[in-house]
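By letter and in written order, the chains are A, B, C and D; residue numbering begins at 1 in each of them.
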Amino acid sequence: MQRLDSQLITQEGDLVLLVSPTNKKIITRLRSGEQIHTHRGVVYHDQLIGVSWGSEIATHTGSTYILLKPSLNDLLLETRRSTQIMYPKDIGYVLLKLGIGEGQIVVEAGSGSGALTMAFAWYIGDSGKIISYDVNENVQNLARKNLSRLGLEDRVIFKNRDIANGFDETNVDALFLDVPNPQDYLHQVHQALKGGGNFGAILPTTNQVSRLLNEFYRFHFGFVEVCEILIRYYKPVAERLRPTDRMVAHTGYLIFARPIKPSSSIGQYKESLP
Amino acid sequence: MQRLDSQLITQEGDLVLLVSPTNKKIITRLRSGEQIHTHRGVVYHDQLIGVSWGSEIATHTGSTYILLKPSLNDLLLETRRSTQIMYPKDIGYVLLKLGIGEGQIVVEAGSGSGALTMAFAWYIGDSGKIISYDVNENVQNLARKNLSRLGLEDRVIFKNRDIANGFDETNVDALFLDVPNPQDYLHQVHQALKGGGNFGAILPTTNQVSRLLNEFYRFHFGFVEVCEILIRYYKPVAERLRPTDRMVAHTGYLIFARPIKPSSSIGQYKESLP
Amino acid sequence: MQRLDSQLITQEGDLVLLVSPTNKKIITRLRSGEQIHTHRGVVYHDQLIGVSWGSEIATHTGSTYILLKPSLNDLLLETRRSTQIMYPKDIGYVLLKLGIGEGQIVVEAGSGSGALTMAFAWYIGDSGKIISYDVNENVQNLARKNLSRLGLEDRVIFKNRDIANGFDETNVDALFLDVPNPQDYLHQVHQALKGGGNFGAILPTTNQVSRLLNEFYRFHFGFVEVCEILIRYYKPVAERLRPTDRMVAHTGYLIFARPIKPSSSIGQYKESLP
Amino acid sequence: MQRLDSQLITQEGDLVLLVSPTNKKIITRLRSGEQIHTHRGVVYHDQLIGVSWGSEIATHTGSTYILLKPSLNDLLLETRRSTQIMYPKDIGYVLLKLGIGEGQIVVEAGSGSGALTMAFAWYIGDSGKIISYDVNENVQNLARKNLSRLGLEDRVIFKNRDIANGFDETNVDALFLDVPNPQDYLHQVHQALKGGGNFGAILPTTNQVSRLLNEFYRFHFGFVEVCEILIRYYKPVAERLRPTDRMVAHTGYLIFARPIKPSSSIGQYKESLP
């Protein structure tokens, strides 16, 4: 019978998440001999190697942490950031809409702190490649570090360049812009994407969305979708189930479109709303 | 210089999406010699092989379709269904929260029409495995067909069994229940998941959520999160940007938790809400 | 002891609501000798006079209706309309934000089908007055009929005029515009409203909201608030409590502001968001 | 021609709202000779009497305030509170659903800080009456003070009593319960309301809503509606229109129903959802 157990015991090189009872989170990669200085005492990496996932770990002062394998969600939320990062609620939907998957070639700009880059790199496998453009070198270096922490740096090529000069790549599967003025680069986007490839963008204001929509038809994009995704948390109490008092009301509008051949009857191809 | 172009021209065996100007969608796998009978005339597979993605294709009556590479979102929305399927807005978030990724062992029940199974299979790569339980053989056969259409059937093991008798697998990375009474299987879930592994469920009513929450503490689960995800579409018109008149108000509540060792100070480990 | 009972028995002249078991609604004013021809048989007004509110009434074919005193909500939802009417969720909030109350002088344009007019007239009492402008005489005649049905026509003065020529009134308490281009009338609004009076508007698109906001500062309005109100219904089933599957996603954006003296340090006075 | 101007100049006895440039709000009733000590200096009531609404007022230190006539919304938001008060978004809708209007007899429990009481009293006119029950005398005294500040205390009768013992009133038009266990009082509610009268309640948790729904049918209530109202604010900036970052996610679920004669075919009468 086929063995289906996945790794039971932590080992050197694993990426781990430590969570304190007050929900302080630490993400680190296990290296024998190293140690973590927390506000609640010292944890030695050697304590964390060769134990079961889900174990409770004591610091030298007796405080405890739970040792977990971080989910992509954990990794995204703990991303070191110098810019606003995209939220998991948005990233999850972007992955599906852009059709991100194994072996794909995906272009993005800007790199930002690398949260979306991380998610893309996580899902394209070793046979795919992300090319990430940003004009800000400092920001991009942070993205690079965040990717390295996950061991995914080999899947990403960073380019410290202005996309106004165009993308080097052609015929890519998907292209995502997290820049304030995506409408200024639609010609470049069209040249980089394969026919009918997936374009996406995130924009905070309605004015920006209108400016982008206004240019889609000029540059032969169809199948346009504009949406926003809201996540509403509940207090997880069985006998008093209710939403939390406050929530994030807005991160950004998501816009998707696909380039179509100029010869096509473009205006006709519209995304139907489910 | 590294070549980054992805496949430019369609070829035999590709999964393709045809979209009509009225947004009728057809998904098929290209087989030389076959044909598609549409309401708008016949399309020959040989017309669709060896052409550029994004091309406009004419039927024998002169109607046109655009030829696209389907995104995962397209595939999910066009899934043949005998049961309510999960929506992309929910699936995207579930992927991130459960930490689905390459090489993982993931268990789910029930199989349903296979929409979530498809998304899981899409993202675990060839080195991962999905084990999908369902008591309803007919429903499961449909899920199997939907997986085959994507060529992902080798990544999934279907088991036509009642999970009340437990899961065969132990130490799995993630486990998702889309059944009406998940609280009845938490013992089985705990035995199947690795320590601190990721458990998720979707439930339509608040009463069901309360019943599940009520059992988490008894069966040593912590890091509980309850949320709902709303997607609001906008009419994509630059000069008259506004939400659509109506929207889907509810698909289900998403619940996530992680099994913790009975020895742990369980009550203390709570998910913090972002 | 003070008698606090309100009218127990229906009487000639009362406005009544009949509701069938399939939720068909009929609103009428009781007139001895008249009759109502329903799809379920004839009901005689004399049957409806002198009975208890909440009684079950039989038609001549034996079908039943419940006899109720209509709430303002019932009256609004059953308004005969030739245009899109405002929804109770929006109207309720507008009443409070505009400070509508007894004895107030309120101006509105356009009259539309009179739904908002009805709500204003309902709440200003006999000592107040609504002045309702519309360029479309047919629409305004419908509004007049809707007001008459409620017996509130004496509280409203309809003016079949273009507000570009200004309002006759000055120093009014509140002014509401339900027109596509409110920004074109801010000078007129400022002249009609008392200092610091309450201005409101409803607009369907974000572009219109931006155009209005853009003019507020030029015409000395402060305390600007923009919001939208969403109502989400639940299936009222104790054991399976959940939101309805679909909901109204958008009716319009509500915008409120107050005119300030040109001498004021206008820019400083901003509405704080609760 | 009929004079339609409302009061142009402030006078002794008026309720006024002062707003600072930093949006600090002060509500007071004008009394010649009195003064207001603000963090920004002293304002003399005599400065505020006989001036135009909307005037800018200087304190003795030269700081400025705008002098406004408070809307009901302003009054509600500035209510002194010892308990959670209901929000305008909810109150506005409750007014319409309960059909609150001139001359009505309305019962409520508990009084709480009196926010809802204020709104009811504002809209029933001199010919109506509110009877407000609360077991907590201190809370009720605060509600009384809040009513007095508005000069509406004559419209409200406070009763410091447990509603388990029933209401004194019968045949009232509307009855609202803001108590944790409304399902325990449905018999009393039925006896107090006129046939088909309007019952409303607000409850924070889904479990409470289920418990209330569960009892409606036993006590012959029909036309049940459950909903929640969400208000989403936008940053009022013309060129960068977007929702605020965060919002109130939950205040409470609103539940409405109407008592029906036991003889009626109760189960049949259901509220239709718009």
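Assume a residue touches a chain if its C-beta (ideal position, glycine included) is under 8 Å from a C-beta of that chain, and two chains touch if they have at least 3 such contacts.
Since the structure is predicted, the reported quantities are computational estimates derived from the model, not experimental observations.
Between the contact lists of chain B and chain C, the overlap consists of A, D.
The copies chain C and chain D differ by a rotation of 180 degrees on their C-alpha atoms, rounded to the nearest 5.
At the chain A-chain B interface, residue numbers used by both copies make up over half of all numbers present, so the two copies contact each other through mostly the same positions. Inter-chain centre distance (chain A to chain B, centres taken as mean C-alpha positions): 18 Å.
Per-chain CA centroids place chain A at a distance of 46 Å from chain C. Residue numbers of chain A whose C-beta contacts span two or more other chains: 206-207, 209-210, 232-233, 239, 241, 244, 248. Across the complex, chain D meets chain C through its residues 2, 4-6, 8, 19, 21, 23, 52-56, 64, 66-74, 76-77, 87-89, 91-105, 119, 122-123, 125, 129, 131, 157, 169-173, 194-198, 206, 209-211, 213-214, 216, 222-239, 241, 244, 248, 253, 255, 258-261, 263-265, 268-274. Remark: chain A residues 206-207, 209-210 touch chain C in the complex.
Put simply, chain D touches chain A in their complex at residues 204-207, 232-233, 239-250.
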